[in-house]
Amino acid sequence: MNDHLSGLGALLLQYDVLGAFWTNIQLTFWGALFALALGTLLALMRISPIVSLRWAGATYVSVFRNTPLTIIMTFMVMGVWTALQIQLADDFQNNFFRLAVVGLAVYHAAFVCEAIRSGVNTVPLGQAEAARAIGLSFLPAARLIILPQAFRGAIAPLGNTLIALLKNSTVAAAASVSWETSSTMKTMIEFNPNYLWEIFAVFAIGYVILVIPIGLLTTSLSRRLAVKR
Amino acid sequence: MSASVLFDAPGPRARVWTLVGNIVGALVVLAVAAWVLLQLDSKGQLEPGLWADAVSARTWQYYLIPGLINTLRAAAFAIVGSIAFGLVFGLGRLSHLAVVRRVSGTVVEFLRAVPVLLMMVFFYGLFGQLLPGAQDKAFLAVVVALILYNGSVIAELVRSGVGNLPRGQGEAGLAIGLTEGQTLRSIQLPQALVAMLPAMVSQVVVVLKDSALGQLIGYQELLRTGQIVYSGDGNPLQVLTVVAVVFILLNLLLTVVAHRLSRLLSSRTSGSTAAGPGIGNPTVVAGTPATGGTAPV
Amino acid sequence: MRKHTMGLLAAAAASTLALSACGGAEVGGEPEGGSSEGAGDGITIGIKYDQPGLGLQDGADYTGFDVDVARYVANELGYSEDQITFRETPSANRESMLQNGDVDMIFATYSITDERKQVIDFAGPYFVAGQDLLVAADNTDITGPEDLEGKNLCSVTGSTSAEKIKTDYAEGVQLLERPGYAECVTALSAGQVDAVTTDDIILAGLAAANGDGNLKVVGNPFSEERYGVGLPKGSDQCEDINAAITKMIEEGAWEDAVAANTEGADYTPNADLNPPTPEACA
């Protein structure tokens, strides 16, 4: 038993488990940043008075929300990099990392857009009417009145999207980011099958530890920042 | 609130501006599309032969359709298993025994926090040890991982479905002398299940998309068979596009079914069949906090 | 491009159809025809199903060098063509499938090692492969693993062969990992990686299946993998199998099989080590 435990300890030292988690955290951070920017833009397009932009935003959302992320990630390497020869960095590590970030961002932007739209849905009609009544046109009304309230109302769904993004960062394995958690776990299990349960427990608990604070934080934020009505 | 309340009914000048904006917007969209096509062309990716290979009868017959059948097979087993799992653990979370509630809650919260891919990799290794001769280990691993994750999502749907019913329903049950268990089984649960149906159909979209993760442990689903096509023909961009279109069409169909269902069923239950804040709000697919806080996967 | 995809096409179709035909969670069951393992009138042989040039499921048929040797040996042991049942033995399951009696013998790029000899027996070797590199046919600056410094290399996820190059030969090599060798070949054909690495005969099979003569095996193997016939511990068939292998080599059928399965790849096996002489049985 003691041998077994010390064997597990040696295993955790041999493979860079913390580094793997750090990779997923970085993927999540950059993915979330770009997804938030793109998703906000898409949400603006979808609620704008301009039909062509509304249509483009809606199309984007239904395309990317309905495509498996695994395909998008495979596409980043086999389509964008191999077929189109688009390179995002000279060295492979950075290149695949950035391709994976782009893949995560374009996929989750669709969900960010819908989360913000659902936040817009929480803003009462009177707010928009009041904004127009004081003479604001679409963009100023959106910037000063609608979006600030919408973001507050969207915190809970945005938090869910962030949790999903963190978990989905494991799919970067399909974009050849082979030093992230799911690939590291797979290699560890392949070469140390007698530690199958322990290895899985380590990685699963790692994710539980990362996910639960995000959930608690967004829940309390969404309560604290909720617009009292 | 629809988009139209964000701006006034336009006057003549605003109408001109909107028209200009429309044209400019359309031009921008077209310019982006044209740029993409130019990029594709400059890398020789518009070559008709590459696309023809990706959609040829042979590609469909020997690869994409067998792969699609495997995708659907995994999704079918997974969704049935998820519903069973979700009912058991959803009711477990509503149990009047504190121990059962706590255990169910812990299991559900744990499974919702662990990435599905990690579960697939784990079960693939586990079945390798338990069932050494099995040919279908990857299939089993995909189905079990999908059941555990989506089952725990459905467990949350069951719980919130019952919780969102008007309180009068439960009180009426108790008033006519039913026990709490009887009230749950014969009054609350049937209505909650009807109300949940659209959200469950939407969950099939998540199951279908996640089944593509099976590719990473060697399950021969649609993406994997697509990879075999382009491994031979050297047209990854084209084949992946075709595979993605198949998934998108399937999922759009499911979304339409979910919306129809929610309208159809709204008269049969005192619960809300709207699977999100407002029917027609596509966050349904991702799940929303209102229906148990699922997230896009 | 069409001709060489046929095999892959048929392989995928057959395996996926077989999967869907047996419908659902049928664990370890024989899809149809029942099992014949242990029965005196047939033989079950484990092969790879997904390795062009070595063991590939091609519709209802099986092709590749491993398969050809397996057929020859089985015939010599007195089994006719229709008494042979082939079964897939993925790398990770080979030992346990022998021990459980799922298969009677294995021809599946199965390297003879001391570690494995402790749990199973080997006959052969019937081929000596070596880790090598697959490059574009017009590439002249990569002649061995040392030349990969600063170059891009592709290998299969979880394989140790790429790590070996990184630690032993070229520290500055950049690694792309894909789930299957065929995707590595796609990246190589597109010019995004400079080389693909694994055993030379596997590379030759890939080149023959995918390259239209655009790819070549470097031909400078830097390891020695002796492919043996896996047998259950204590098997009494080792001598007979070795005799059959020797006969196959003497008759020239061995050489024909190598040539036929690597056609178009401009590949000749390492002549110092091939054809090998089977080792004495345990």
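Lettered A, B and C in written order, each chain numbered from 1.
FYI, a contact is a pair of C-beta atoms (placed from the backbone, for glycine too) under 8 Å apart; a residue touches a chain by one contact, two chains touch by 3 or more.
Chain identities (UniProt): A, B = Glutamate transport system permease protein; C = Glutamate transport system substrate-binding protein.
Quick caveat, the model's predicted, so the values are computed rather than measured.
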Hey, what chains does chain A share as contacts with chain B?
C
Tell me which has more C-beta contacts between its two chains, A-C or B-C.
B-C
Length of the line joining the C-alpha centres of chain A and chain B, rounded to whole Å:
16
Between chain B and chain C, what is the separation of their C-alpha centroids in Å?
39
So which bits of chain A are touching at least two other chains?
78, 82-83, 85, 173, 186, 190
I need the residues of chain B touching at least two other chains; which ones are they?
128, 215-216, 227, 230, 236
Note the residues in chain C that touch 2 or more other chains, in rising order.
92, 183, 186, 190
Residue ranges of chain A in contact with chain B within the complex:
46-54, 56, 61-63, 65-72, 74-75, 78-79, 82-85, 108, 110-111, 114-115, 117-118, 120-125, 128-129, 132, 137-138, 141-142, 146, 156-157, 160-161, 163-164, 167-168, 170-171, 173-174, 181-182, 185-186, 189-190, 193, 196, 200, 203-204, 207-208, 211-212
Touching residues on chain B, where the partner in the complex is chain C
53, 58-59, 61-63, 66-67, 69-70, 73, 77, 128, 131-136, 139-140, 143, 215-216, 218, 220, 225, 227-234, 236
List of chain C residues in touch with chain B within their complex:
1, 4-5, 8-13, 15-17, 19-20, 22-29, 88, 92-93, 96-97, 100, 102, 179-180, 182-183, 185-186, 189-190, 209-210
Of all residues in chain A, those that touch chain C in their complex:
77-78, 81-83, 85, 91-93, 96, 173, 176, 178, 183, 186-187, 190
Where on chain B is chain A touching in the complex?
1, 3, 5-8, 10, 18, 21-23, 25-26, 29, 39-40, 43, 45, 109-110, 113-118, 121-122, 125-126, 128-129, 205, 208-213, 215-216, 223, 227, 230, 235-237, 240-241, 243-244, 247-248, 251-252, 255, 276-278, 281-283, 285-289, 293-297
